[in-house]
Every structure is written in structure tokens, then in C-alpha cells.
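First chain A sits with chain B, and in the next complex the same chain sits with chain C.
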Partner chain A sequence: MTVPAPVLRAERVTLGYGRTAVVHDVSLDVTEGGVGLIGESGSGKTTLARAFLGLLAPMSGAIWYGDQNLKKLDMRRFRRDVQPVFQAEALDPRMSAGASVAEALPRKERDRVPALLEKVGLPAEVAGRRPHQLSGGQRQRVVIARALAVSPRLLILDEPTSALDVTVQARILDLLAGLGTERLLITHNLAVVSRLCRTAHVLFAGRVVESGPTAELLARPAHPYTLALRDAVPKLGGAPPPARGRTEARPAATGCPFRLRCPLAVAACERAPEPREVGEGRRAACHRAEELLS
Partner chain B sequence: MIEVRDLRVRYGTRTVAHVPELDVGAGECVAVVGESGSGKSTTLMALLGLTEGAEVSGHVRVCGVDVLTAPARRLREIRGARVALVMQSPQAALSPTTRLGVLMRRALDLHDVDASERAMAEAVEAVLLDPAILRRYPHEVSGGQAQRFAIALALALGAEAVLADEPTSALDVTVQAEVVGVLRRLRKERGLALLLVSHDLALVSTIADRVLVMKDGEVVESGPAARVLAEPSHPYTRELLEALP
Partner chain C sequence: MSVLSVTEPVERPGRVDRLAVLGGALIVLVALSAVLAPWLAPYEENTPDPLHSLDPPSGAHWFGTDFAGRDVLTQVLYGGRTSLTVVVAVLTVSALVGVTLGVVAGYAGGLTRDVIMRVTDVFLAFPALLLSLALAVVLGPSVTTAIVAIAATWWPWYARLAASVAASVATRPYVDAARCLGVPAPLIVLRHVLPNSLTPVLVQVSLDAGGVILTAAALSYLGLGAREPVAEWGLMVQQSQTYFTTNWWVVTFPGLAILVTAFAFNLLGEGLRAALDPRRVIK
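What follows is the complex of A and B.
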């Protein structure tokens, strides 16, 4: 079986603002079937999304689109191929939904607006309404319709549903799952990733600490942080994990960044673990990954 | 601790919340669940007499005070001191130029609570924070720390009931688990009455004894959490449960 070439690739990318690096030496491929970047506030996931969109140049390393370095690419073309979908606040409050979608289309194709609205499950009359006359879920659908207007290859979605009510969220996820467009999804919500992404990468303090097929990664985490994330998600009728008062520990400046919060930390963790293969298609940056998996 | 009968909150002719019955006793946790616009937050605000501009009718008794008829002075005595309100983003309510310890001391003075430095530190430790946080400014603490500080403040003041409006929805999931863990413990150890407003049924199921499900201002279903979540009788509750990822 030949592995399809990644749509986008980060190669040893370090990103930051000013002189402060917030993403360190990250390599990952955006492949078919959906890729999820999972992380909590400050993990660097949105910074990575910005770099993948060509909005932030790496301090070192490179982002590749096919075989071309993003730095040297014709951005007009790229911007059509790779479209962002952020939270719905990105709509112009003075423009009707229809005008917002039409703006993304070439003049000759503006008659496609009704078809695009239909594709995202919106009734035709929504075209005449402004954002404040729409519900949160409808606004998010307009944002998606706008992104789809240019027939992109890849959608980069940053927390596309986290501000929505759960019933609305479920319907937006159904919509995204049925689109057939490739996607890179950035979220703190593990359930959203398992729904939409075949592959997942877990970020902690600007580093990828674990990667692998989503289902396996969540069923049998190879990194204590993935385990902590998974077990912290409240389950219907389940008990929450005991509060330990550890979450405020800052990422360690040396060695494994997670070690000050890690229940499994040992002396060896003062030495930074390199990401390494821990199973078929799985990588983890933890000295004790094998113990976790066994 | 909290007793509500036939509470109605109206703006003009529109009823935004109607709660026939709601009781929270010491050491109990009741959750009001619903989506945007369901009236869940309005209900919570009405318990503290904080629904300005609305017409409120019915019977609301909180810590022995009849909220709808009590004079403002009487309400100020219970607000904060006996009934604490924990909001989604407590940082917004903390003065940015005041260290948390000074802030706590002022709140204690305001309610004539005589607490030693030691007692303040203990309140902070009870929510799993390092007492050193009392020397910090609001911008120097994380969202989860600020949330727990708000709970510590309630403890230092000797609150008997905590009303929490989406206390953890802005927090990362590992931090959320920690805040919920703290609330669960305080309920048991100190007999705190807890009224939780949330849209997250899974979260609610890990802590609440009873659940009220609200939709468009009305309570569509209520009962013991285990029963409502295992055998929902209203289609909307079923829809909420099915939407859970």
C-alpha cells in the first residue's frame, strides 16, 4: 500500500512571537481522513494553525504544501486551496449571510450562493439575514459555506463548535463529517477529534507529546498527558478523577515539560524524552510509554 | 437551604423562566441543565434577587431569607457571605490592582467576618491552592485558579450555599475535573448546598443528586440525576443526551 503524500507538512517547525518560541521543533503531516491537534490553552495549537495557513512564518524549520515550501509559494493559489474556519465571530455584522458567502465567489459565480447555503443545511431565506439575526449554529454554517465557496482541498478548523450548544454542536459535526473535504482540526475536545479525525496529535507546552490513529491513541494512551486528558472528560454517570491540585504546575523548563504534573514522573524525566516510535503508526515522547501501553 | 415554589421571571409579557419547584438542602447538589436561552441563568440570578428590570413572582427562600420580599439590606447580608455566587469568569470581577489576599480580607471585613491569616490560608488550601496565591494579582493566576479562589472566598466567608453558573465551561478539561473534584469534596466535608447551572449533562451526572432540565423558560423534566439521565421521559432530555459526544 502506498501512503498518500501529505497535503501539508510541518518539518521541525519552531514558532513564536518576537523572540519567544511557543511551539518547539514540531514535525507532523496533515494526511487524509482528518487530522486533529489536541491541546489545552497555551499548548500552541492555534499558533500551529496560523503557521499552516501561512499567517505566521516559522522561526526555524519549514511548512511544506506538497513539494513546495510555503515561504516561496504563490499565496493566491494557496489561500484558495487551504481555507480557515474559525469561531463564527468572523462574520461582518453589516453584511447579510448571502453577501458574506457571495464575497468569496468570483463575480460570475455568485449565483452559487443558494446552492452553498443548501450544502451547509441552511434554508434559502437565511441569505437575507445579518449575523445578529442568526443563531450561533447558523452563523457557524455561514462561515463554513464561505470557506467552501472556493472549493478548497483542506479546511483548517480552529475550535469550530466549542461555543455552541451541544445539540447544535452535534449537527455541525455531522455536517463537517459529510463534506468530503480534507481537514485539520484544532480543538481541546477529544470527542470532536474522535468523530472527525483518523489521526491525532496531542500537544503539551508547544511540543507534540503523542501521535497516532485517534481510536487507538484514546483507547490506550502512550503518554501520561493523553491519559490525564482522556480521564478528565466527564462521563455520563461516571465519577470524575480525584482532584490532586496539580494542574497549576507550569510546564518544566528542562527535561520533560509534563514532569511536574505527571503522576508517573521518575528521575529519568529530568532528561527530555525524544518522540519515538512506540507501536504501529504511533509515536510518543515519554520514557515510560511502553509501561503505559503494556 | 434553598426553597423555590412557582417562581416566574417576566420581562414585559414574556416569561423567561418558570420553575414550579426547586429545593436544595445542606450537602446536596442540584443541577439546572439547558441550552442558551433556556432560562437557567435567570433562575439562578432570581435566587439572589439579581433580576433587575424583571417582574418576579412566586416564593423564593434562601438561607432563611424570603428573597422576593426582603429589604435590600437583608439581601446584602446573605449575598456573598451566606450564599456565594461563582461565575464563569471570576477574573472579570476581581479588581486588577488588588492582590487576592487583600481582596479576600476586604470581603471578610465587608461582611464583619473575623478571620485570621491562618483561616484565610486554610480556605485557600481547601480548594487545593497554594496559600502563596494570596500575594498574587488577578492577572497572575490562571482561569482554574481564579475559579477555585472564588470558591475559597465563599468558604472563608462561611457560605452555606454556593450557586455556580457554568463554573467550568471556560476551563481546560483537566482543570475542570479539578474544580469539580473540589466542589464534590466540599459538599461532603462541609455540607455545602450546591446549585449548579450547566449545559453539560455528562459533567452534571458526576456531581448532582437531582437535575432540572429547562427549555424555553420551562422546566421540562426533573428528578433524581440517575433516573433522569438513565430514563429520560422528555424528548428534549433525550435529545440532549444523544447530542453528547
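What follows is the complex of A and C.
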């Protein structure tokens, strides 16, 4: 079986603001079937997404779109192919919904706006309303309609449902699942990743600590951080999940960055673990990955 | 225009505030009284009458007379011409220069921001009066000199304000979304950054009207701005302040003119702020 080429690829990418790096030496592929980036706030998910969108140049390493380095790419083509879907607040408060969508279209194609709004389940009247006159779900649909206006190949979805209530979330997820575009999903919501992504990468302190097929990764985590994330999801009717390890501890500056929070930390964790194969299609950066999987 | 226009908003930002209307009406009133001064003033401009020096308000002189016997009401009406010209010219030039440079600095960031903000710092660090003295030597003391001198030291404040607001707006997701759509940078600035950065600057501009009048007065006092025989409110206050304790009217009426004008601009600014708020509830 041939493995399809990745749509986007990060190759040993280090990213940051000013001279401070927040994403360290990350390599990952955005492949078909949906890719999820999971991690807590400050783990570097959005920074990585900005780099994939060509909004942030890597401090080192490279981002590849197909076989072309993003640095040397014709950005006009790339802009048509890769579009972001940010949170529902990504609309200019001074612009009507219609104007926001129309901004993505050439002047002669602006009559497509009602059709685009309809495609995301909004009536044409919404075009005349400003963001504050729309519900959170409607705003998110407008953001999606704007991204779809250029018929992108890949959507980079940055917490697309985190500001929405659960019923609206479900409808937006249905919409995203039925779009037929490739997607890179950035979220801290494991349920959303398992719904939309075939593959998932777990980020902690700007490093990929685990990667693999989403279903397997969540069923049998190979990294204590993934395990902690999974077990932190509240169950309906159950007791609140207990916090594992010292959840308030900052990432360690040396060795495994998770070791100060890790309930399984051992002396070996003072040495930084390299990401390695821990099963078919699975990688983890943990000295005790095999023990966790067994 | 259809709902599909990017440049024209479909719906007006909001109804104009009643206080803004009052402020606007007061400014129009002051401006009209200045323009129509030759017809409204009871006496000729700048006509000394030593026999009636420092007369209190009366039927013949509603606002009294000053130390030279000039009718204060006449001088206040004519003085509005100079003062309003100075206010409008200084604020327009300062806001245009300051906002343009500030928004470019805030959006571009990096070296562009550093260069613009350091130039701004130099202007801020330069003493306004020293700059005015230098300009007065070069251009000669006049109202124009006062306008140039005040504007040269006023715009950096707007540049700083606009730069900080624009830098914040430039990080909003809708600006990133526009970049990802390939919208050219100048268009992003005009369409998203400038409109969303203007409100605090407009409010500041309107609050500064009184300050400009008083600064112009200080320059006139030093002989660098308006000079006799030009009537100007600040100059009137400065010339008459020694008589204030014994002849209250000579300072009170030009002072009131400054107060009413500054108040009117403040009302207009507050109303503008409210009217330009896109989240404003439209009743």
C-alpha cells in the first residue's frame, strides 16, 4: 500500500516570538483523513498552526507544502489552498457577515455570498448582520463560509468549537465532517479530535510527546501526559476526575519536560527522551512508553 | 449598495448620540458666531476707547470692556475666528500625521515600528516651547507659526496612541484571516486596522481641543503666536489676567468661550465614541 504524500509537513521546526522559542524541533505531517493537534493552553498548538498558515516563519527547520518549501512558494496559490478557521471571534466587528465572506471573493464573484452562507446552513438575511447580532454558532458558520469561499484543499481549524455550547458544537462538527476538505484540527477537546481526525499528535511544552492513530492513541496512551489528558475528561454522572501528578508544575527545563508533573517519573527522565516508534504508526517521547502500553 | 460590498458597511454603525448632537450644535454655534462676527459684533474689532477702560458689563457693553476700552463681546466674537482656526488646523494636521504613522508602525511592527517610534520619541522629548521659539525665529511670530509649532509637538501623542491600538488590532484573528486570504497589506490596514484603531484617537482628539487653545494662548503670551491686534481668546486671557481680581469680566468671558468650545468638542468626542462602537445596541 502506498502512503499518500502529506499535504503539509513540518520538518524539525522551531518557532517562537522574538528570541524566545515556544515550539521546539517539531516534525509532523498533515496527512489525509484529518490530523489533530492536542494539548493544553500554551503548548504551542496555535503557534504551529500560524506557521502552517505561513503567518510565522520558523526560527529553524522548514515547512513543506507538497514538495515545496513554504519560504520559496508562490503564496497566492498557497492562500487559495490552505485556509484557517479560527474561533467565532475571527470576524471584524465593523463588517457585516456578508462583507466578511465577500472579502474572500473577487469582485465579480461576490454574488456567491448567499450560496456560501447557505452551504454552511445560514439564511441569506444573515449577510446583512454584524457579528454581535449573530449567535456564537452563526458566527462560526460565517467564519467557515469565508474559508470555503476560495475552495481550499486544507482547512486549519483552531479551536473551532471551544466557545460554543455542546449542541451547537455538535452541529458545527457535523458541518465540518461533511465538507470534504482535508483538515488540521487544533484543540484541547479530545472528543472533537476523535470525531474529525484519523491521526493525532499530542503537544506538551512545545514538543510532540506522542503521535498515532487517534482511536488507538486515546484507547491506549503511550505517554503519561496523553493518559492524564484522557483521564481528565469528566464523565457524565461520575465523580470529578482526580488530578494526576503535580498539575501546577511548570515544564522542566532539562530532561523530559513533563517529568515534574508525571506520576511515573523515574531517574531516567532527567535525560530528555527522543520520540521513537512504540507500535505500528505510533511514536512517543517517553522512557516508559512500553510499560504504559503493556 | 448590496450586502456584498466589502468597503461599505451594510448598516450604519449606530444612531448619533444626543450629547454628540448637542456638542456638534455648540461647535456650529461657536463657528457661526465667529464667521458672522462682523455682523453680530456691536463694535468694530480692536477699537480702543481709553475713556471706557475696564467698564463693567452694561447695556452698552454686555461683556464689559478690557484695559484698553475694547468691547469684550466684540473681541470674543472675533477671537473665535483665530482660536477655532488654530484648533481645527492643529488637530487635523496632528491627527492625520500621527494616525498615519502610528497605524503603519503598529501594523508593520519590527524595524518600521522602531524607526517611526524613535522619531516620535525625539519629537516628544523636544521641548515644545523651544521648538516654537526656533520656528518663530525662522518663520516669524504669527498664528501660522503657532499652528506649525503646536502641531509639530502634538502629533507624536496620536502616533503613540494609534500605534499601540493598531498593534493590538493587528494580532486579531480577523486580520490574520484577511492575510490568509491574500488581501494586500495596505488594504488590510485601510479596511480592518485603521477603522478598528480610530475610536480612541478620535476621542483623544476631541478632548484635546481645550488644550490646543490654551497652548496657543501660552505661545501668544510669549509673543510667538497671535499678536496684537489679532483677537484671540487665549491672548485675551493672558493679557487681562492681572485685572481678574478687580475686573472679573475681562478674563471670565474669553475663558467661558474656551470652556464652552472645549466642552462642545468633548461632548462630540464622547458621542462619536459611542456612535462608532460596533457593539452598540441600536435602539
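The rule is simple: the second predicted complex is superposed on the first by the 290 of 294 C-alpha atoms of A that agree within 3 Å, B and C clash if a C-alpha of one lies under 4 Å from a C-alpha of the other, contacts with A are read in each partner's own complex, and residues count from 1 in each chain.
One rule holds in what follows: a residue touches a chain if its C-beta (ideal position, glycine included) is under 8 Å from a C-beta of that chain, and two chains touch if they have at least 3 such contacts.
Owing to the predicted nature of the structure, the values given are computational and were not obtained by experimental measurement.
After overlaying the two complexes on the shared chain, residue contacts for A:Arg94 are found with chain C alone; chain B is out of touch.
Legend: residue contacts after superposition of the two complexes on their common chain; A:Glu118 is shown touching neither chain B nor chain C.
When both complexes are overlaid on chain A, the residue A:Val233 reaches chain B alone and has no touch with chain C. Contacts of A:Asp165 after superposition: chain B is touched, whereas chain C is not reached. In the superposition on chain A, A:Pro84 makes contact with chain C only, while chain B stays out of contact range.
Counting contacts as defined above, no chain A residue meets chain B in one complex and chain C in the other. Of all the residues in chain A, the ones that touch chain B in their complex are 40-41, 136, 165-170, 173, 188-192, 194-195, 228-229, 231-248.
Across the complex, chain A is touched by residues 35-36, 128-130, 142-145, 172-182, 184-185, 199-203, 205-207, 226, 229-230, 239-245 of chain B.
Interface residues of chain A, counted against chain C in their complex, comprise 50, 53-55, 75-76, 79-80, 82-84, 86-87, 89-96, 98-100, 102-104, 110-111, 113, 127-130, 132, 143, 146, 150. Chain C contributes residues 2-6, 9-11, 13, 172-174, 176-183, 191-192, 195-196, 278-279 to its touches with chain A in the complex.
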